[in-house]
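What follows is a pair of complexes built around chain A, which joins chain B in one and chain C in the other.
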Partner chain A sequence: MTKQIFRIAPGFEEIMPEEYRELVTDGPYDRSVGVADLGTFKELLEEHPLCAGCGLALSLRLFLASLPAPADTVVVGSTGCSAIAFPQVGLHNIHGLFGNQNAIASGLKRALKLRFPDRPKDVVVVAGDGATADIGLEMVMHSWFRAENIATVMLDNEAYANTGGQESGMSPRGAVLNMAPTGKKFEKVAMPEIARESGCAYVAVTSPANARRFEKAIRRAILVARDVGPTYVQVFCPCPTNFKFRPDETLGVIRKREKEGVFQYREYITPEAQQYLAASEGEKR
Partner chain B sequence: MIEQRVALMVDEVFQPTRCESRFITGSEAVKEAIQRSNITMAIAYPITPQSESMHLVGDLYAEGYIPDYFRGESEFAVMGQVAGAAMGGVRVFTATGGPGTLRAFEMFPCWAGMRLPIVCCFFTRGVNSPLSIQPDTIEMAFLLDTGIIMLHAEGAQDLYDFTLRAFAIAEQTDVHIPVGVFADGFFVTHTREMVTVGPPDVKLPPYDPHRSPVPAMDMEGVPVRHMRDPFVMKSNFISYAAHASWQQEILAAVERSRKYVHEYLGGLLETENEEADILIMAAGTAVSQSREAIQLARAQGIDVGLVKIKCLRPFPTEEIQHLARRARAIVVPEFNRVGWLAREIKSVVEDNSRVVGAPRVFGGMTMPSEMILAQLQACVPATR
Partner chain C sequence: MDSYRVKAGPEGYLPPAAACVGICLPERGHALLEGELVPEERALEEIARRLLAAGNPVFFPGPLILWDWKEGVAEKARALQVLAREVRAKIIPMPDYRPKYPMINPAVEINPNHPNLTIWHNHIDVCVFIGVHCHYANVALKIIRGGTDCYTIAICGEVGHEDAMISLRDAGLRTLERLTAMVREMKRKAGDVG
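On to the complex of A and B.
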């Protein structure tokens, strides 16, 4: 997309919604902005309806600020809390159904490759842990097996939040949640390992507690997916509402878990992706 | 690979000056249709009796007629994959049937809601336990209210014609919703008949995503918030109103397809001897069985007319009401246990005690024409 497309016709500036005018004049399209520039440009996420302190909302904000090419990015989401925020996102975004996000993204990416062979269109999946590790696991893994050029971002709040706090495959063992009244009986699904073994060229586990690292992981995942192969980023973004901590404790919860060694920032890069990143990141410098 | 020329107008592919006759199966008829359809992608998952048709579509990919083709991991995934491709602005095709249809079910009303002009062939099959691979049209009953246009082919010729023409109907700006082309599994997919096909070196004009009433998801236009505030699960009047009007719009799009079904299929139904006192109304291969039964009845001096219903959604309500006005009895033979077609007809005709929902065969049984004849004979007193 070029910014020319959404220029406001002269005379209509006044009647366009304010957030639209801001997107045209101060949006991130065709500009090189990142998380360090937050507060200086019109973000892609309008006032969202998620809970106070929501780790997922914070992650979504950082995610949108980290996109290497927002003007040519399409996001595929899934049912869940993020689906409630996506209508407020200034990017083409698709809500398929619960769990089929990587299937939709596979078809979309292939179609866009055929239609725009000379211009990369980044297709990025952003979905909850239930959508990614439970109901959609088959489609997530098979998109990796098929080596689709898509980046998959899991917003891991360790539960089904949107339906009221049920256990998901990503809930920690022992967590007492709805539908796990005596505590979860098995460990968190080993998604980063599954991703690696399934053919992802880049895998990262990160959190919004460190915006720089978060941004790096998202940018790398999207760039590697564009040119090398499928990628996966797991974002630990705890849910104050269902895990019942105060909204101002979200980042504290992440840091506490990090200190305990339960959550760890990790990165796995195949040699091919490493080479690619060395070249492209070197170029930038 | 034959070099193909893009037709200037869709009609050039439908009414070609050069036709060829082929003795082919229904599955092969699908291949012939897809070869001329100029699709960009096809995605497949095996399910009997559909598999052969998608094998042959795969051959078209190998031969270079289709830019992309792959096997997805399940029918639900495939229906998501073709949805993604269609949202990306390309013409796509897939096929399924029976258990595959049910596994993918959640996607069909979503296709319609997303305004995707996907063409999908459904080769019907039993879906019960114990496992069955036998012919049965019960899955069509489930699909009647998903918002997709439903065409029912009688044989391989229809299957060729309907599949190719389905793209033209689906892609009209004022329609732009999916079309399901249904054919009775095995009876149509696995048997041969003479099929007239157009020249293989002419194909449909390419799909133009800019004719869609909703923008393609390609960031080539303003990021309109396609599913913005009112569409989300908010409990407020605007949300209710937005959803209600959207649902009505889908139904209205189905209604608007009538004129194109007329244009490209020559009507939603076809009739023979429609003035007769007894009418058979049928769809799919039950029509062929009815033709046989009518021969037998005629030999016994019983006058019977035939109404072949080609399009089930939109339903030919007015046409059926008109045809039913004079009839003393309406016999509806079906290849399923529930009699969904008889139910549909009963719901629109006056004095529906005239509608005989029989014979019905299911579990994969064939329908001997004598069974239909017996129903016709039973109707004779009513005509006196």
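On to the complex of A and C.
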């Protein structure tokens, strides 16, 4: 998609709902905007139905503002909290079955390469921890083994949050949830390490508590996936509803975990991706 | 099954898809009128008559005509607006098909997942679907027939819709222009020049 086709047919401007008109005139398509510009342009996320204080909703908002080329981006999602928000997003998005998101993204990326050989199309998987680390782990890993040019973003709220609170592979050891009353018996799945060993050219662990760092990780992941190989970003976005803290404490919870050393921002970049990023980020400067 | 006719509802919760009760899509040059196959001209006349007789006719343009996405769309959009003015119809858009939460504002848009809200709140007695992708038009038409007494018309650029009370097929710019000319002629005959 380019902005040339994202325009209202003549005569229909007045009858279109306001949010569509604003997306056309003031949206982020074909513009260079980022998280620092939030509040100055029409965002791709129009309200959302997620819980108050949802770390995932904030992450989704930052993610959408971080896309290097929203007009040429397709997001593939999966069952989970983010799937409830995606109908409010003004971006091509596909809802896969629970866990097959990376398989869909692989086929889509290959098809887009054939259909638009001269125009890069970014395919980004955005899924929760259940879809990525548990139910879809096989398809996630195999997309990495095959070195598919897709970016995978896991929104890690450490639980199956919208089904009442079951533990996921990403819940921390000892976590007690509504439907996991005896506490989780093993550690978080080591997804960043699995990603690195499975062939990802760029891996980052980040959170919405630092918006600039978050944006940098998302942009790097998408750019490296475009030209080098598969990438993975793990976003720690705690859930106030299931982990029982106040909605205004979400960022505080992240910072506390960071201070305790339980959550740490980190990046892994292959030499090839490093070279690529040095060139592309140098160009930008 | 042979006697089933696609009439204005409310037919009740979950009405059958018309295709499942024996209604077939028309061949080229033909149209569907309440489930019966008729020549296109006959259906055009009935559309013109229904629109002129309606108390509150409303056009529901879908994404295929609302967005200027390919050559020819702008001309078709203008022709639709001329027709709407001619029959004094309102236009309520269906810009996309997202099942928005908590719900759409039925005064300003229609959504295929709950089209009855727009019909009910705006007291619409005749509506026209145009530029809506087939599967979403089918869903919306069935919901409208199930829950409202609105008379549905589909001006379809593909092969038509069994679930509309009147459905054209292969309808393009020329079809809209013919329909507008027919409306003007009916109004002239009736002495209505306003």
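The rule is short, and it goes like this: the second predicted complex is superposed on the first by the 283 of 285 C-alpha atoms of A that agree within 3 Å, B and C clash if a C-alpha of one lies under 4 Å from a C-alpha of the other, contacts with A are read in each partner's own complex, and residues count from 1 in each chain.
Note that contacts are C-beta pairs under 8 Å (C-beta built on N, C-alpha and C of every residue); 3 or more make two chains touch, one makes a residue touch a chain.
Since the structure is predicted, the reported quantities are computational estimates derived from the model, not experimental observations.
Residue contacts after overlaying the shared chain place A:8 against chain C, while chain B stays out of touching range.
Contacts of A:146 after superposition: chain B is touched, whereas chain C is not reached.
Touch criterion met: A:121 reaches chain B, while chain C stays clear of it.
Between chain B and chain C, B contacts the larger number of chain A residues.
By the document's definition of touching, of the two partners only chain C reaches A:16; chain B does not.
In the superposition on chain A, A:72 contacts chain B only, with no contact to chain C. In the superposed model, A:84 makes contact with both chain B and chain C.
Put simply, chain A uses residues 5-6, 49, 84, 87-88 to touch chain B in one complex and chain C in the other.
Contacts from chain A toward chain C in the complex involve residues 5-12, 15-17, 20, 49, 84, 87-88. Chain A meets chain B in the complex at residues 1, 5-6, 49, 71-74, 76, 83-84, 86-97, 100, 103-112, 114-116, 121, 138-139, 142, 146. Those residues of chain B lying in contact with chain A across their complex are 40-41, 43, 67-68, 70, 72-74, 76-90, 92, 106-107, 110, 215, 217-223, 225-229, 231-234.
Partner chain A is touched in their complex by these residues of chain C: 61, 65-70, 73-74, 77-78, 81, 91-93, 95, 98-102, 105, 108-109.
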